[in-house]
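In what follows, structures are represented as structure tokens.
The same chain A turns up in both complexes below, where it pairs with chain B and then with chain C.
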Partner chain A sequence: MSSETKTIASFSCPVPVTPNERVVLGHGSGGKLSADLLHRFFLPAFGNPTLSRLDDQAIFAVNRSRLAFTTDSFVVKPLFFPGGNIGSLAVHGTVNDLAMGGAKPLYLSVAFILGEGLPFETLSQVVTSLRDAAEEAGVEVITGDTKVVEKGGCDGMFINTSGIGIVAEGLHLSANQARPGDRILLSGSIGEHGIAILAQREGLEFESPIESDSAALHSLVAAMLATRGEIRCMRDPTRGGLSSALNEIAASSRVGMTLEERAIPLREEVRGACELLGLDPLYVANEGKLVAIVAPDSAEGLLDAMRRHPLGRKAQIIGTVTSDDPGLVVMRTPLGTTRIVDMLAGGQLPRIC
Partner chain B sequence: MSSETKTIASFSCPVPVTPNERVVLGHGSGGKLSADLLHRFFLPAFGNPTLSRLDDQAIFAVNRSRLAFTTDSFVVKPLFFPGGNIGSLAVHGTVNDLAMGGAKPLYLSVAFILGEGLPFETLSQVVTSLRDAAEEAGVEVITGDTKVVEKGGCDGMFINTSGIGIVAEGLHLSANQARPGDRILLSGSIGEHGIAILAQREGLEFESPIESDSAALHSLVAAMLATRGEIRCMRDPTRGGLSSALNEIAASSRVGMTLEERAIPLREEVRGACELLGLDPLYVANEGKLVAIVAPDSAEGLLDAMRRHPLGRKAQIIGTVTSDDPGLVVMRTPLGTTRIVDMLAGGQLPRIC
Partner chain C sequence: MKYLDEYRDDRIALGLAAEIRERVTRHWVLMEICGGQTHTIMRYGLDELLPADVELVHGPGCPVCVTPVETIDRALQLAAHPDVTLVSYGDMLRVPGSGSGTDLLSAKARGADVRVIYSPLEALKIARANPERKIVFLAIGFETTAPANAMAVWQAHREGLVNFFMLASHVLVPPAMELLLQAADNRVQGFIAPGHVCAVVGCRDYEELVQKFRVPIVVGGFEPVDLLEAILMLVKQLERGEFKLENQYVRAVTRSGNLPAQEMVQRVFEVADQKWRGLGEIPGSGLRIRPEFAAHDAEKVFGITEFHVQESSECISAQVLKGLKKPTDCPAFVGRCSPENPLGAPMVSAEGACAAYYRYRRHKVLV
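Showing the complex of A and B:
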């Protein structure tokens, strides 16, 4: 007990903090500023081998079972958007974080923070969507919590969902396992969730409406695992978009990546909206897509399996893992030039999940 | 798949909701209004045997292991108070919810919602406290999430902690197991957390400062379980206080309860503060106390074990479970009269956890 106390007493914030430093919106973007917060505060404080893997889920063993555990708070604004709402999103986001570790999602906790004055009708619609999404994903909500804060203390409603899943014996997916020669697979077109939210928030109207791609990906993952192809790791490119997900993997595995721009599926409406809004679709959030790093021999088999699944019909091999410039992701444009695809620096779109 | 779809389509909010009905602060109080929200929205939507136990934690089995799972969001205001802050509280609250199910706490997730403009110094202090509390409780933070919302979108900082623990084979504690004749044990004096928060918030000063009792109770629980005494159920009387915790157990077990007012430990300063503020200490939140319903033969042995533990030194047998008036909790005053101890109707003190 006394040695513990000593450790506690000697812990202090690892990086000097000045009185002027404050949290900005970009710290929640999933890009460079989020990584800064993680490396300055959370990793030094809580660093342990499980957390330090920095995957979307922690894997731990209890007796002979390997379980996955993940948490996500949802603060999306507005609460309702084309293709979903905060309730369905809270299920999809957490189910996907489990699925990206190869886990079969089993149980969810749901914790609401409600703003005083929230209409019961809104709560009812969100609860109904959340329940429908959980039922569709085959997960049970087994524990929960509700807090209420006064008007002005919270913006309508926040939801935290934490999830538990089970991982098959022998399956180890992690961002540090990409190897030169591996192929990069993407399950479909990018940018739809972020653009749907932005359009709703700003009252923009497009000729063909853009819906969020929010969906639970665990059955697509199950179809991929069933091929017995060699998957190194998977990510759902949410906040920070495809670029941030790939940069994280490249950094973690100390490898380079080369993407083929023409191979990345992008709907015309999303391309148009991004051009109009000055956004790069590589940085726009998705909530129903996955990117997988796979062994070269397994790429075609996995691609076939993905394309046979409703959520992977437009799957593509979008690039290759290289040994050049570890940590760097580059993209070859259709014109044959090359550009660096860096992590998102600040916040492109706050509160998209 | 089609039968599932049918179920989904036929689900709708079970109780008609009128456009005028809105969330009020009392819905977060842990009293009658919280129960109303649970019974109108959450149980009809998510009802399953695990959730419907309505204990502080869900217990599920994976292969041969029995695991406990719980979630809690913390919105306490102010973030710092005598005896702790939102970081230590977030650990203690979730560790205690696991411990009340007899689980040994193992892992935590931590999800921050930060308000834009939050000073890094504040974040650093909270993270340090959270880490210290986790280390002291022997739990590992293995997964996390950070979101940032713009100024005015969230009041400084909210934290969600979800927790996983392991339950020994054969141990089944649940609120529906109290039986007439059982004794009601309380681990110490009540009301300190709520009064400490209120005093801090309102700038009240007392002759002797009142500190929150916030503490992790898992080692006290371990000491109780080691006696092999028969424990039916345990609760930590947080929001809604001792009265709400006992009313929930009485309702769930369909039993009555008779409390002895003179046996309930209450510090003089807390009694004085409650009189001054017009609060009933039975309804004021605790964050480091537990109430246990135990078999009559085991009461003395368990009481001894509690009193030998630093967090149970003032433990008392405060009452008896009866077969009179199922669901009703009554208290005998020192004058020999009897009063009904009902559930908290509205919200006595918002945002105390």
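Showing the complex of A and C:
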């Protein structure tokens, strides 16, 4: 492949051009293909020390205040799903990206891309839900934009939100901070958002409907930070699921990880739906969960703090950071055997956020 | 979950593994046929629980893997027609054709109308909703998927759905097992037969194989306890010098199978010679659409060029599919061959043996 790669000579960093290749839906899956795009196009073009950390948010100082800044686009289909809609999701997603850096979220921008023919009623429902979610999270929408595209140019509505927050002095959470011996904490059961969307889209019905876990996690993060426990980094395992979030941290910190399959919380309905659809819940998206890598001495204290918070009641220590096989995440099965937990290779579920 | 948890119970599984260790006195080579079974073995690390003298080799039972590359090329050719909508299962769309970057998903990115479906009935639905378009269903699979695919053709025929076509590439398990058993270099001494295939077609063909080749066969399920139990049943037979057909998967498999499903398959398809990716042409190992339904047979309706494709010379997939070599014996494994850039069939689908090793076992070989 690399022999076919041509580069355009210029004074800046070259953007490699790969002929006869195009974007496929899998490039948006949050897995390996997404990482390929990043490394092939975006990092060579824009690479700088802040971006190259590849965290969910950029953290930088302005006049001695440390700010967190992030942006996220939402193209979920259907627009409304059990447990939320594209409006509430757009707030939660961006608030969570800020919170994972330890930031207190303050302000959002919201840009709407609307499809010709979208009913006002739909727009109104989404806007109301977005406003309510912002109020609940304690953030304000202070700037925005609207564009309309021809029918067929987007399925009803896309939303982009950017967010700004403030980070306490001395707090440095980043994916490259994990060390052997650290513990891996997960705030609750996995896979609910992805399965809620898929069930809605495919018309699957369950005895008790599966709702998206979409929620703003910054108050849970605040409760964790208040323990003064040593947190190395946090991620909200959205697209690509828990496996991708952990693989990214393992790669960035050049460490291995061993997970205990038994310890990972999974609701019975989600497990059933995954069995039915042939999906691995480790790759299914979450929108209201976080995974934290923490110092071994702080693990129990942080776990208690998480379990006292409504969004962390089912929190668990799910594994340990190791010095074996840097970059590889391994899972111990209930049989005592091990297997690799890889990053998603293609797309598992298209357009879930 | 009932009917599932008891077959994943770690105490039962560990008990079976212990019994296998007690029983084994010699080296035995066993093959599980189905890719779903290979996947379970790798995902749960069942081979780690077995004594070194029980060697598992992995059979050719991954439908996506054994679909000939020529079929993908044909599908790509059809997808290029401006009035064709090509539909298939998700895995199939990622399999590269003979050219580089020529899978159906890439064709979709270049503007072809390619859609993922979850069942053949969805293909019919698309055909009904889009009478102006020609819907071509790339239908692949073993005896398990053939009945539903046959049903789609039958339904289209009955409804007069003139814009529904099937590009069919179906394969049958027993002729492939026969090929393996006849080979001079065969190492396999016992088989775990594919439970879901037997749920459809029953066990008679396998009884014939047992008698003809004096080889023990156990019809097995797909959960860890199923597979360990099937292995134990095979080991007991082998240690006693017996060869018979046994059914471990009694909760799904009967001797005669699902008769209405078999009738539907016979109504629409007839047995034909079939090329398997990695194994070559096997007599009587495929199903083609009967002439009565030629109006829905994409090969007949569309002018399709004959393709002859050379497979990568580096790929050892034929030996892997015959159980002669392990994926990790391949010099290209992980380095030049990976699920993103597969050189051969078993690395293509998640159910393929090489892909299963890649996905779950790389850490054991990278050291």
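By definition in this document, the second predicted complex is superposed on the first by the 335 of 353 C-alpha atoms of A that agree within 3 Å, B and C clash if a C-alpha of one lies under 4 Å from a C-alpha of the other, contacts with A are read in each partner's own complex, and residues count from 1 in each chain.
We take it that a contact is a pair of C-beta atoms (placed from the backbone, for glycine too) under 8 Å apart; a residue touches a chain by one contact, two chains touch by 3 or more.
It should be emphasised that the depicted structure is a prediction, and the values quoted were computed from it without experimental measurement.
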item: Partner chain in contact with A:42 - chain B first, chain C second, else both or neither; value: first
item: Which partner reaches more residues of chain A (counting touched residues only), chain B or chain C; value: B
item: Touching partner for A:323 - first (chain B), second (chain C), both, neither; value: neither
item: Partner chain(s) touched by A:272 [first = chain B, second = chain C, both, neither]; value: second
item: Contacts of A:23 with chain B and chain C, given as first, second, both or neither; value: both
item: Those residues of chain A which chain B touches in one complex and chain C touches in the other; value: 21-26
item: Interfacial residue positions of chain C with respect to chain A in the complex; value: 1, 4, 8, 10, 13-14, 42-46, 48-49, 94, 100-101, 105-106, 108-110, 118, 224, 339-341, 359-363, 366
item: Interfacial residue positions of chain A with respect to chain C in the complex; value: 1, 20-26, 32, 202, 268, 271-272, 275, 325, 328, 330, 333-340, 342, 345-346
item: Chain B to chain A touching residues, read off their complex; value: 4, 7-8, 11-13, 17-19, 21-28, 34, 37-38, 41-42, 45-46, 48, 50-51, 57-58, 60, 62-65, 67, 69-75, 77, 106-107, 109-121, 123-124, 127-128, 130-132, 134-136, 140-150, 152-155, 158, 160, 162, 164, 166, 347, 350-351, 353
